[in-house]
Structure formats: C-alpha cells, structure tokens
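Paired with chain B in one complex and with chain C in the other, chain A is shared by the two complexes that follow.
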Partner chain A sequence: MIVNILMSLVAVVVLGAIAFAGGSVPGLQMVFGIWIPYAAAVIFLLGFIWRIFKWAKSPVPFRIPTTCGQQKSLSWIKHNSIDNPTTTKGVILRMFFEIVTFRSLFRNTKSRVIGDRVSYEWEIWLWLAALAFHYSFLTVVIRHMRLFLEPVPACIGIIETLDSFFQVGLPVVFASGLVLLGAALYLFARRVLIPQVKYISMIADYFPLFLIIGIAGTGLYMRYFLRVDIHAIKQLTMGLVTLKATVPPANVSPMLYAHLFLVSALLIYFPFSKLMHMGGVFLSPTRNLANNSRIKRHINPWNPDLEFVTYEKYENEFREKMIEAGLPVEKES
Partner chain B sequence: MKIKPDEMLKINTKPPKAHWMDVPPDFSEGKYLYPAKPKTLEYLHLPNPRDWSPADEDWKLPENWQKIIHDGFKERLDKYRSLKVFMDICVRCGACADKCHFYIGGGDPKNMPVLRAELLRSIYRNDFTIFGKLFGRLAGARKLTPQVIKEWFSYLYQCTECRRCSVFCPYGIDTAEITMMGRELLNLIGVNINWIKDPVSNCSRTGNHLGIQPQNFKEIIEFFCDDIEEITGVKINPSFNRKGAEVLFVTPSGDAFADPGTYTFMGYLMLFEHIGLDYTLSTYASEGGNFGLFTSSDMMKKLNAKMYHEAKRLGVKHIIGGECGHMWRVINQYMDTMNGPADFLEVPKSPITGTVFNSAASTKMIHIAEFTADLIRNNKLKLDPSRNDHLRVTWHDSCNTARAMGLLDEPRYVLNAVCNNVFEMPPSTTREYTFCCGSGSGTNTEEIMEQRLRGGLPRANAVKYVHDKYDVNMLGCVCAIDRAVLPPLMDYWVPGVAVTGLHELVGNALVMDGEIERTLNLRMEDLPGAEGDTDE
Partner chain C sequence: MNEKIKIIAGVAIFAVIFTCPLWINMGKAKEAPVPVLAEKAKAAKACILPKDEMRAKHMKILDGWRNSVVRDGQRIHMVKDADGKEKEYEMSLSNTCLGCHTNKAEFCDKCHSYASVNPYCWDCHVDPNAKKEASL
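Up next, the complex of A and B:
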C-alpha cells in the first residue's frame, strides 16, 4: 500500500518537473502557458457537465432520505423539519447545512472498546480539517480571480483583507494558502497514520492530495520566496481569459508553468475522479429528498407490473380449510 | 455460544498486511448463512435452483454468470441514481468505518461500510469506468472472479441495511442501498439464503412469512383471546377477513408466533377491544414484514401488494400497521410508490379522537404508535402505569423506524404514559444514532450466532450501561425482529434484561371496561403487589 503513496507522489513530481522544464524552453511556453490550460478548462467544464448529466439520466425510483430526526406526524410532537424534512424548504435547509457546514461529518464519533465498555467520543478533527481545506481552497480560488478580471472587483479586495487579517509585516501573508497546505498535509497524514484509513486508501486518494499540495506549494513558493513578477503573470492570465493569448512574456518564472500545469492536471483529472463529490453531493437521494412519501405519492418511472398472489388465488388454495374454520369466503366452492 | 463474552470483547482492529483484494472470505462452519433450497427457488421462479453450500469450492454458478452480473449491474445503474452516485463519489474519508455495529463488534475491515461498498465499486470501476479499464488494480478495479461473488455473499449478509453509516457520511452514501443492489445481483445467479427465501416463499403462499395457514392464524389469535380472558376477565372476539370494517390491522406474523411478540399482539387486541375499534384482521394480508426487501425490489413489491389488495377487497377506510421495523421502511419509503395510489381508501381519521392523520394522507396507513399516542394524548385510555412498576425500561429505536421514517417520540410518549421507570441509553446509541440488533435484514438465524452477537455488541453494551447504572431490566422496542433476536443477545451480554414490545406494556397498564382485578401480567407472571407477592 506504500506503493500507492509512492506512485502518486512520483506522478505529481514528474508532472511538475515536466512543466518546469518545458516552461524554461521558450518554444514550449505556448504549450504549457496557453494550450494546456485551455484544454484543461474545456475538459473540466465538459467533463463536469457530462458527469452530472450521466447521474441525472438515472431516475430516482424511490424516496429514500436518511431521516435524522423526529418525523412530522401528530401536531403536538415536535417535528425536526431540517433533519427529517417534509417540504422543499426543509430539504433546501438540510442541503445548505450539509454543503456549507458539512453537517453529517460534524456528527463524527470515534468508537473504542475499552475493557467491557464500548465508548464513543466526539471526533471533530476530520470535520475541522475538511472545513479548513475546502474553505481555504475556495478563498484561494476567489483571490486568484484577481488575475482573470480587470478591473478587479471590490469583493476580491474585501476577501483579501479578511484573508490577511493576521498580517505581520510584508509581504502580505494570506492565511488561506497556508491553511490549504496545512489542511492537505493533515488529510494526508491522517490517511497514512490511521491504519484503517490507510488500508482503504488508493492512488485515487493520494494523487489528488499530492496534486493540491503541489499546487499550494508552488504557489506559496512563488509568492513568498521567488516574489514573481505578478504583472507579467497577469498579462498571461488576462490573455487567456480574453481569448487573446499570445506568446507569454519572457520574464515569467518557470515555476509558474509548473503551478499552472498542476492546476491543469487537477482540472483534467477532476471529472473522472472522486473529486466529483462536489457535484454528486447535490444529487444524493438520501439527503436531497423530503421524507414525505406517506403524504404525497412518489412516482417511479419504471414501476414494473408484477404478478402477485392475489386473494383469489389464496382462497382457491385454502377455501375448504377456511370454510371449516368459519372464515368468510368469496366463493363457497 | 462457546466463546465467552470477555473473549469476544478482545477485538482485533488491526487490518491485515495483505491488500484486501487478496484476503479470501471465511467460510468455515458458523461463518456463513445456509443457502436457499432448490425447491424454494423453484416455487418462486428464481434462477439457478440447485444444491450447494458456501463451504464448497464450486458454487455451481450458471455458465454465463459473469455476463448476468455485468448486465444486471448496468441495468441497476440505469435504474437507480442512488447506485450510480454512490459508486462514484466516495472519497474514502473513513468517517463511516467505526459506525457499523459489525465492525465495532468484530474488527474485520471489510465490515467498514466504505470497504463493503468497495467490494462492488471495484467491479463497477472495472466494467464501467475509463480509469478502471486502463489501470486495473492501480485504479481500484478488479476482474469479476468467483472469489468476488463469494466475498459479496459473505459481506453483503454481514450488513443489516440499518443505515447508521449513512447518517455520518458527508455525502449521505447509504450502504443499505449498495447492499440491496448487491443482493439483487447475487439473486440473479441463484446465490441466496434460506432464511430469507423460505419466508418469502411462505409469504407468497400463505400470506405470512411463517407459513401460518388461515385456520391456524385464527386459532392462534383465539388462543391469545383465551389468555386475555384469563388475565382480565374480558372476552374478546376479533373478526377475520370481515368486509365493511373501518380499519384493517396488519402486523408482522412474528407477533403471532413467538414470545415475547405474542404479548405485544395481545396488547393490540386489548387496546382495540377497549376503545371499540371497528377493525378486522386478515388471514391473507397476515404479514406486515417483508423479506422481499432483503431480496429485490420486485419481490418487495409483490409481497407488499397484498396490503392494498386486501384493503380494497374488504372495503376498509384505512390501515393501521403494527410494531415492526423493516415493515415500516417499506410502508414509508416504498409502498405507495410501488403499489399505490390507494385512492380507494380515506385519509386515516381516528374514530375515537377524530384526529386526522395528514402525515399519511397518501398511503392511508398509520403506525400503531402514532394511533395510540393520539389516544393517550386525548385521554381516551384509562391507564395504570404502576402495573409496570416492577419494570425499569429502556428504549431501543429500531433502525428502520428511526432512520427511514423518524418515528422517535411517538413510542416514547406512549412508553412514558404506561411506565413510571424509563431510562434512556447514551445519546450516541439512540434515535438516529441507534444501533442495530445485529440480526436485521434477514440474518436472524442460528447458524451465524457469533456474527449476530458481535453485531449486537454496541446495542447490548449500551443496554448494559443503563442496566449497571439504573438497574434497567426491560428493553422496549417497536420491531418484531428485535423481539425475536434481542432476548438471546441480552442473555449473552446483559443477563437479567428481558425484551418487550410497546403494546405489551400498554396492554398491562390498560384498565379495560369490565375487567377483573389484575393479578397477572400478559406473560402470566404475578403482578407486584398482587396476591402472593410479598414485596409490597
């Protein structure tokens, strides 16, 4: 299983090295700076949509929400309208808490058998790391919009101000990049250190983690150590986004190509991987359906017509015994 | 059980060195369920009836079994969004791992829900994904070999479809859904178990899982009525298959068959008599449970069809359902979709209180706990909870009523009205976090007793906690499988705790019109304070 880790790591290092080398060769800068990012963006978008359609194509024959609270029944029994919703509003709230606060993961406990006792303790670290990981990633992505928009919208400035809240000295340090790297490293460490999680982990788990660690690492390195020329980079990114990409400026660091290539790899990999949980969570029938199948009939589009043992058949088999036992029958003989 | 509890508690949670794909399932005696008999499969027109044993090397699969599984898998991916999404989006975070009672009680990594799902996902990747086809095992894919089928058989019957893992999954991945699909696939090649197929076949023929024929069903109920008369002095004459009754009452046949479910059945009869409910029992729709749920959606539909069919024939206004777990999963989440619309019935209205049950506006079927809670709330029952004073009761939420319905506070309301001493188990083991009895989804059979005791450990251990702390001596539940399997579980882990259904407690506390002074409870045991009892 260590081989899964090594192969994922090697793959990411090789990808980064190829782009770094390529970015150092003037002729290949077009490829790594323009063509691959374009291709990646297209594959990501089309792939994402394709996957969602593929899921959506399959119907939801039954209403199978996991109910996590009191049902709506008698008027005087307090109904849990979020964890056991009966209305669309309730479902929207449930999904909101699920997607924005990772509510189910928040419930996480750790169970242990100690002596003759099975004990459960609240285990918050996975939830905390997951939340830190996703929100810092989101912040980083939003901050990067600065490179693709001219003029830069005010909201990005506000996010940057918040992100640099713990600022001490120059250059401005954004918490999000560091948190992203830290959270990704924590998630990796957890995968390796918890024997059960290590046992189930595959390349598909390590590879995207290393990719993201690589992306965060190259990004932080460029910002705080190389102090790359941000104007040259913006010239490149604005060219990309306005579809007027020309030969990238010569003073762009090869490290940017490594960074950009890893991002491209992530985008290309995304629709074909578990990262699609981003879209899939919205389609999960145990969360996005109301528990109202006793109130309103849910329709199964392929509901089959099946022959079952009707009362008539039953009575035909047992009629004499039924009559003898004094049970009412439809036909006397 | 040869293994002593303290031995069983030594659980090895260290995963094996070998990759899980290389660890074969264990089919030594006591580790597997007995297969369905050829005769049963023939009766049900199910494929590949034959004599075989999981312990055999050769399972006598049909010639084209790989194609059958592949096509069956594809068909289900196209029919169920749940399966497709759940195959794709797991990130293997491991949050589900120690939520499964079988994993907690046994430590086998393949009982971590995530790995149970990977048993199917690995085949899904191989057959239906680009990465799986290109990179094989590196992408978590593997070829479909006989060992895969054996592994599925072993571990899909070590899942009781209790859905506890799905409460904790950040994407709501429901292992029950995956297990159900896997079991459907196994059924396509004739790999199924006797403990499920026998009841299914019985149910098709006689109307109930236990194969009770109409005349016997009537006799059993009349026998209950004799006991009730002896205990209360009140003679009850329930009707059977009676047209024009207002209500059809359907409950699991387990309650007609074995203690302590029988006492719960007596409780229903006493309650209905006391309030003068115009109801009838059916010898044909004499099963609330549905082992079709553990077979395939088609079988579930066929067995469930009887309820509406019979309600229509008898011309009742609505249906009341008894205490059962998986029965209510079917009624709440499948029945109306499969066999509705029940437009020949009326929205349930309690003839006693006038309460309209809008929460069952479409299915027209209410749970007895909802019905009784409403009666008590409206002061329609005269209750003497002190008759249950010798009991110190804790409450077990059944998986299905908790996580596939949300029937949590109705039974508690009734319980607190009929018992003075009620104690809750720790919150991480009740309500939506409740633990399975360890024997659900058709695995409540003797041959795998160790698996059942291990799977039941988390539940039993929580009972032990309240037993040690509050002297709890009675475990209440609303599930017929619970009533059958919790007694041996308690005897093993928490001796001194008995098991009861909710309406047994109701029957004991109920002060019926014209009853004699009660000296016996429904189990024919002396009531505390009654003649011959010197405690008080």
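Up next, the complex of A and C:
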C-alpha cells in the first residue's frame, strides 16, 4: 500500500525535476516549452476521442439504469421522476444533476460496527471535497484562458474579480487556487487515513492526485512567491495557440517548465486513466437510460431475423418421426 | 442510428471547446505590447530598484508601501544608489511613481491589460496626469 504512494510520489517528483532541469538548459527550453505541450495537446484530444468511440461501440442491449427512487407504478404511488426516470426529459434532468452536483456521491454512506450491530451513516465530506475540487479546478482552467486569448474577454476578468473577492495581498490571492490545492490534499489524506479506502487505493489513484497537487503547488509558488514574468509567459502561450511558438526569454524561471510539463503529463495520462470519467459520465448506461422496461418492449438490436415457427408447423414437419419414436402428437396424420 | 449522432455531436462540441483558443486567435496574431518609458522617467535613469527586480517586485513594494503609510504613518522609502549614497523617496503611487512615469496608459496599463491583471490601485488612487487632461 505504502509502495503505491511512494511510487506515485517519486514519479511526479521525477517528472517535475526533469522539466525543471531541462528548463534551465537553453537548448531544451524548446522541447519543454513548445514540443511537449503540443504533443500533449494532440495526444489528449485524439486519445479522448478514441476512448469515447471505443466506449460508444460497446453494446448496451438492455436497460440497466441504477434506480435510486420509486419506479413509476400505480397512480397513487408517488413516482420519483429524476432518480428513476421513465422519459427522456427525466433522464436529461438526472444527467444534469449528476454532472453538475454529483448526486451519486451525495448518497455516500459510511458503515461502522456499533456494539453488535452494523450501522450506516451519511458521509458528506467526500461529496463536499469533490465539489470543491472540481469547481475550483474548472475556475482555474477558465482563468488560465487569459494566457491563451488576446484581447482577454471581459468574462474572464469578471471571473478573476469574483475569485479575488477578498483582495488579499498583491499579486491578489485567487481563492480557487488555494481551494484546489486544499481539496486535492484532503482527497489524498482521505485515501491514506481511512483504512478501507487505503486498501483499495492503487497507483492509478495516487498518481493523478500527486500530479494535480504538483500542478497546483508549482502554479501557486510561481504566482505568489517567485512572481514570474507573466508578460513573457503570455508571449510563450500566445505563440503556442497562434502556431508561431517562440521560446520565452532566459530569465523566466525553470519552475514554469516544471508546471508546464506536469500539465502536459496530466493531458497525456488523461485519456488512458480514470480521469476519463470526464467523458465517461455522459456514457454511463446506469445513469443515461430511462427505466421504462415495463412500459416499452426493448428488443436486442442484434437478434437474428428468424422465421417464427408455430407448433402446428413443427408437428407437420416431424409427425412421422415423432410417431416412430412414440411421442404424443395432436393430429395422427 | 440515434446514438451515433449524439456521440458525434458530443465529441465535436468537446473538440471545438478544447481547441477554441486556436479558432479565436486565428489571424489575430499580434506582437506583445512593450511598455513605453516617459521622458521624465528616461531622464531620471534609475528607479528605486533595477529594472528586472522592479518587474518582479513592484506589486509587493506597492503593497508594502500602502501598509506602511496607512498603518504606521511611515512615508519615507530609503534607497542606496550606485554610489552608495542614500536617497529618499516618498511612498506615494500618484506622486512618486506617476511623477516620473507620467504615462499610465502606455506604461502600467499596457502589460496589465495584456496579462489581464486588474490591480485595484485605481479604486482609490487617481492618475494625476489623466485628471489634468480631463479638466482642460
């Protein structure tokens, strides 16, 4: 178990160190600043599309929604139309709330043995940390668009203003960055401190967590402690998105390359890992199918097209053989 | 098939969103703006710190100045210049900084708006030079 944590941690530290060292060498800045980010973006996009099409090809012949509420039944039994939807509208609502508010995590419970009985209680912290993590990550990604768009759209300025609402320090503190790091650290602590969760945690669970902690850590460090030259960095990022990339001046801290390389590693790792739940949540048949098996007949789409044979026809064909074998028949001849 | 259309639409939306900086910036490639030094700043030759350090630290210095002036009433910033002589600067954004850098739009705002940095200095302070122009 501890090996999983150590190996993931070492992998992330080594990745960061390679890029930090590479970014300090003038000739390699091209590799870490331009080529690897481009390669990562291409692998991410193509890998993501490949994974979605791979999933889309898997057969889903039957309705297999998980039902989390009362099925549609008699008129006097109250139907739960979101947690047990029978219509497309219900499914859309269910998917919307699943994607936006993580309803299935909200139902998380914890079981304990109290005395001689098993007791279950509602456990809200995973849901809260997941919400904090995903929404702060989204905010951070949107805020980074200021480096990729020129002129910077007003909506990004509005998000920055809201994010820096408390006006702490200069450069002003963005709440989302701190929440992202805090939530990722909580999610890691949870894996280590809850024995059952620790038992089922693999490298594939720790590695992305450490990657994101590394990305958030290097980002915060650059913004608040190194105060890197954002003007020079924007020249690099704008060069990347206008396909005229140039290496930024040498006085930009190598920490930038560590940050950029960890982001590239995350993008490359993304399509081949559990992080694909970003696309997969839309395709989960336990959520996106209506539970209407009792209303509508669903026929397996790849059933072979066979001729329907009645018993009368069958007996006509085999009557003589059946009589010979002593089997009872309905008509003697 | 119905599902095929939905999948292709979803993947297309994702691809467009992911690559949107490419489309939005297409044909709009511009050189990064360079801050322009005002005549007075050029004549003064030296700021309170060398250029590179000013670039990285000016926000910290201004934040420190604000706390020093507002909380402690301490308004004097001492600097040793190249000859080792001590020089006094008044801690004042509008008078000291903008006294030399008389062109806020060309000096401050150029990089700030390029990097979408919106310092809240101007919630309280005014640009004295802009005010002069406005009253004329």
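We take it that the second predicted complex is superposed on the first by the 298 of 333 C-alpha atoms of A that agree within 3 Å, B and C clash if a C-alpha of one lies under 4 Å from a C-alpha of the other, contacts with A are read in each partner's own complex, and residues count from 1 in each chain.
Everything below uses one rule, namely that a contact is a pair of C-beta atoms (placed from the backbone, for glycine too) under 8 Å apart; a residue touches a chain by one contact, two chains touch by 3 or more.
Owing to the predicted nature of the structure, the values given are computational and were not obtained by experimental measurement.
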First, second, both or neither for A:S24, with chain B first and chain C second: neither
Touched partner set for A:A56, first chain B, second chain C, both or neither: both
Touched partner set for A:D83, first chain B, second chain C, both or neither: first
Which of chain B and chain C A:V197 touches, first, second, both or neither: first
Per-residue contact with chain A, leading partner among chain C and chain B: B
First, second, both or neither for A:D229, with chain B first and chain C second: second
Doubly contacted chain A residues - partners chain C and chain B: 56
Sites on chain A touched by chain B in the complex: 1, 7, 51, 54-64, 66-74, 76-78, 80, 83-84, 86, 98, 102, 104-105, 107-111, 113, 115-118, 120, 126, 130, 194-205, 272-274, 276-277, 280-281, 283-287, 291, 293-300, 302-304, 306-311, 314-315, 317-318, 321-322, 324-328
Chain A residues within the chain C interface of the complex: 41, 44-45, 48-49, 52-53, 56, 145-152, 156-157, 160-161, 167, 169-172, 226-231, 234-235, 238, 241-244, 251, 279, 282
In the complex, chain B residues that touch chain A: 5-6, 9, 11, 13-15, 19-20, 77-86, 88-95, 97-99, 104, 109, 112, 114-115, 118, 129-131, 138-140, 163, 166-174, 177, 204-207, 213-215, 218-219, 240-243, 283-284, 297-298, 301-303, 305-306, 309-310, 313, 331-334, 336-338, 340-341, 355, 357-363, 365, 370, 373-374, 377, 402-410, 413, 426, 428-429, 431-433, 457-458, 461-462, 464-465
In the complex, chain C residues that touch chain A: 3-4, 7, 10-11, 14-15, 18-19, 21-22, 24-26, 28-30, 32, 52, 55-57, 59-60, 62-63, 111, 113-120
